[in-house]
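Taking it in order: structure first as structure tokens, then the write-up.
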Amino acid sequence: MTTTEPPFLEIKNLSIGFSANEKVIPAVRNVSLTLNKGETLAIVGESGSGKSATALAITRLLASPPAVYQGGQILFNGVDLLALPEKELRAYRGGRIAYVFQEASTSLNPVYTIRSQMAEMLRLHRPEVHNIDAEIIRWLEMVGITNPKERLKAYPHQLSGGMQQRVMIAMALSAQPDLLIADEPTTALDVTIQAQILAQLRKLEKELGMTMILITHNLAIIRGLAHQVAVMHHGSIVEYGPTEEVLQHPQHPYTKALLACIPRLDEHRRRLSTIEKELQ
Amino acid sequence: MLSFILRRLGLSIILLFLISFISFFIITLTPGSPYPWGEMNPKISPEVKAAFRKKFHLDLPLYQQYEMMLHDLFTGELRSMKDDLPVMKKITDRLPATLALNIMAILFSLSFGTLLGLYGALYRGNWKDMSLSFLSFLFIALPGFWISYLLVLTLVKYVGIPILGTQSYGIEFPNHLTLWLDRLWHLMLPAIVLSLAGIATQSRYLRSSMIETLRENYILTARAKGLSPTVVLYQHALRNSLRPLITGIGMLLPSLISGSVIIETIFAYPGMGQLGYQAVLERDYPILITLNMIVATMVLLGNLFSDLLYALVDPRVRLE
Amino acid sequence: MNLESPSQQLWKRFCKNKVGVWALVIIIFLTLIAAATLLLSWLGLPWPMNPNTTDLSQKLLPPSQLHWLGTDHLGRDVFSRMLHGAPISLTVGFTTVLVSLSIGVVIGSIAGYCGGKVDQCLMRLVDAFLCFPTFFLILTAVALLGPSLINIVVVIGLVSWTETARLVRGEFLTLREAEYVHAATILGQDSLKIITRHILPNAAAVILITAVLGIPEAILAEAGLSFLGFGVQPPQATWGNIIADGKTYLLEAWWLILFPGFAIFITALAFYLVGDSLREAGEKK
């Protein structure tokens, strides 16, 4: 056996709780995941299953309190991010691990222009860039924004929802991160815009070889983008494996139920399935 | 923008009429004699009384009195019933002192209020926030005259520092600088007492607005970018929480003027509040009405200014 | 299943905040003392002393075992005078709020329910009132009308209804669009019934909170008036006029300033804290 490089991202036995009224309510229980460079991992699960908490925990973005990091490790290229001092961690946030959030309309600061919000990112993580405007325009073009030059001076509320999400993605990518974490990037958008954003992500995956973590409950995203799928339920990973395998042969009753909720064209059903609350 | 300002000025004029109407009728409809020498004074002949009534239009029906009052108000011919001096002169004599006091109090309210509110929001829920909250209610509940007297008592009796009036008397000031410093010192204490309630309300407003902002998604975005907590707080959160601070500029004024009636009396500070109190004691109607109108105008202009400022801070606000 | 009524929930959440509960205890304690003082002096047994008995040989005495909080310039017992001032302050607080609340609720309801032109006119009226230096207006009116308990209550009430009106209007604008109000309208219920049955009960929490926060404002305003000589008139003792009488003797008799002012301060503070705690309890959903 030879000494190999540490895995790109390795989450080991991560447990997180939220303190409320002097009790700690578990949100993430003993989660372990591994992600290799260039791969895309999808984390699926219903709301409250702990998938977003896991994603935010990677750079300790969950505000503490109320969040309590109860245990485990998050090794990014061998560095334990959970043990890193806040100041060093900030270089990872945005710079090496960038985020795109669910609602672009509320995720951009309403009182600053697109240019100033994107320039902030560049100045922070890519001080070598001199022509900031040109760089911003390049990234805006990359995510398919027409007339990027005119958008520089625009405020977020002057853009459509799809545009705002593209700006978010462009901003995240402009720092040239090693890992992109997208938390339900299309949920808040119209179906047609969803498709466009997906196509955009797929293009980025191919062209840039981007490593991604996608939080979603959209099967189309999983099928089209993910190499691996982790299914979360009540804070734990209940199923984890290559996408094809999980989708073809779901083992866990929750995964089966989740898949059964998807209407299929080759099937005639009178009612759509729902996931029973009692299902454990 | 221009049409907004014009429309607001138009509305302000309507409001000013309403205000002049309310103050005129409150003052004239209440029973009591307007004569500076009292109703029953036997030394005053009926002719003198009649002349007085004629001079101040008291012999006319109410609506004409109101008309004359408005006319005199805008032409600046209104005279004090007490000493027959032009009202405008009496008020403008007091204006600089009042402006200095109120501007200082507004500055204190806004700056300390913002600071306290900011820290309350940052440490929300823990003991620091709770004590700040408690402190702000302490400030609101403090009767201004009580705390002023306690201050005067301790400072004058036990420490022996001159604080009353606008400057120390019986001292030769070697130069202008020391004179101004002495005046500033005399301004400080009344301004602080006057601003306590303002500090408290500002900090309450800013705290809740800040807490709301800190829950916003763009704050998470800013943190996820790797910005330092200071930048997140002062550049991303504060600017979105400025509304109460900006509206405060106009809205603090009425309560400050109210407070200065008492504070100026105690600190022997010759401002408009003191003048107003004198006018109340002497039933000097023209002064009372003019004072109300001047304060109302200042408030309306302050509100217009703060709306314009707010549009400058938040691009989503459209002036319509 | 949560079967508690909204008011039970509000009470339960209110009880969780210790500061608010303590403040409420203080208010109840003060009210009991005020009631007991009134009852005893009504029975002809003023306790601990008659607040109006003057004794010039006993004037301006510092706090002692006999006179717990000292005596004033006429040799009257300050502690007794303060006890007799308590009912005045509390009466002013509670009754003024009744006046301002009734005006505020009526105007706010009309503005919020009718909307349109009516709303606009009423809100301009509110705007006009907000431009006045409130205390100065109160002072002017009370000075001109003549200071008496009833005048003070009516004037403060007439001037301070604007906040209630604005809040009630705001609640109405939201509640007017609620499904159950639409349902009642479709069923043909008349406006008055819709307002009193369906909207007002749901705005009750907001009204209660402004009411509680209005009490200390009134108490402080009355104290200020008393201090300037336009409060409830002597020989009736009020917290404000003990200080007003004492200001001449500021440098000799600090107890004439310190204790009554502290009473005003604590009372106002207690009401503010209860009001704020209620507001917080009402906010958490």
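First chain written, first letter: the chains are A, B and C, and each begins at residue 1.
Following the convention adopted for this analysis, a contact is a pair of C-beta atoms (placed from the backbone, for glycine too) under 8 Å apart; a residue touches a chain by one contact, two chains touch by 3 or more.
Note that the structure is predicted; figures quoted are calculated from it, not measured.
Counting only chains that touch, the fewest steps needed to get from subunit A to subunit B is 1. When every chain is reduced to the mean of its CA atoms, the largest separation from subunit B belongs to A.
Counting contacting C-beta pairs between every two chains, the top pair is B-C.
Here the CA centre of subunit A is 54 Å from the CA centre of subunit C. For the pair subunit B and subunit C, the distance between C-alpha centroids works out to 23 Å. Across the complex, subunit B is touched by residues 19, 124-125, 127-137, 139-141, 143-146, 216, 220, 223-224, 227-228, 243, 247, 250-251, 254, 257-258, 261-262, 264-266, 268-269, 272-273, 276 of subunit C.
Subunit A meets subunit B in the complex at residues 59, 61, 90-95, 98-99, 101, 103, 106-111, 120-121, 124-125, 155, 157, 168, 171.
Put simply, subunit B touches subunit C in their complex at residues 11, 14-15, 18-19, 22-23, 26-27, 30-32, 130, 133-134, 137-138, 140-147, 149-150, 152-153, 156-157, 251, 254-255, 257-259, 261-262, 265, 273, 276-277, 280-281, 283, 288, 291-292, 295-296, 299-300. Those residues of subunit B that touch subunit A in the shared complex are 216-218, 220-228, 236, 239-240, 313-316.
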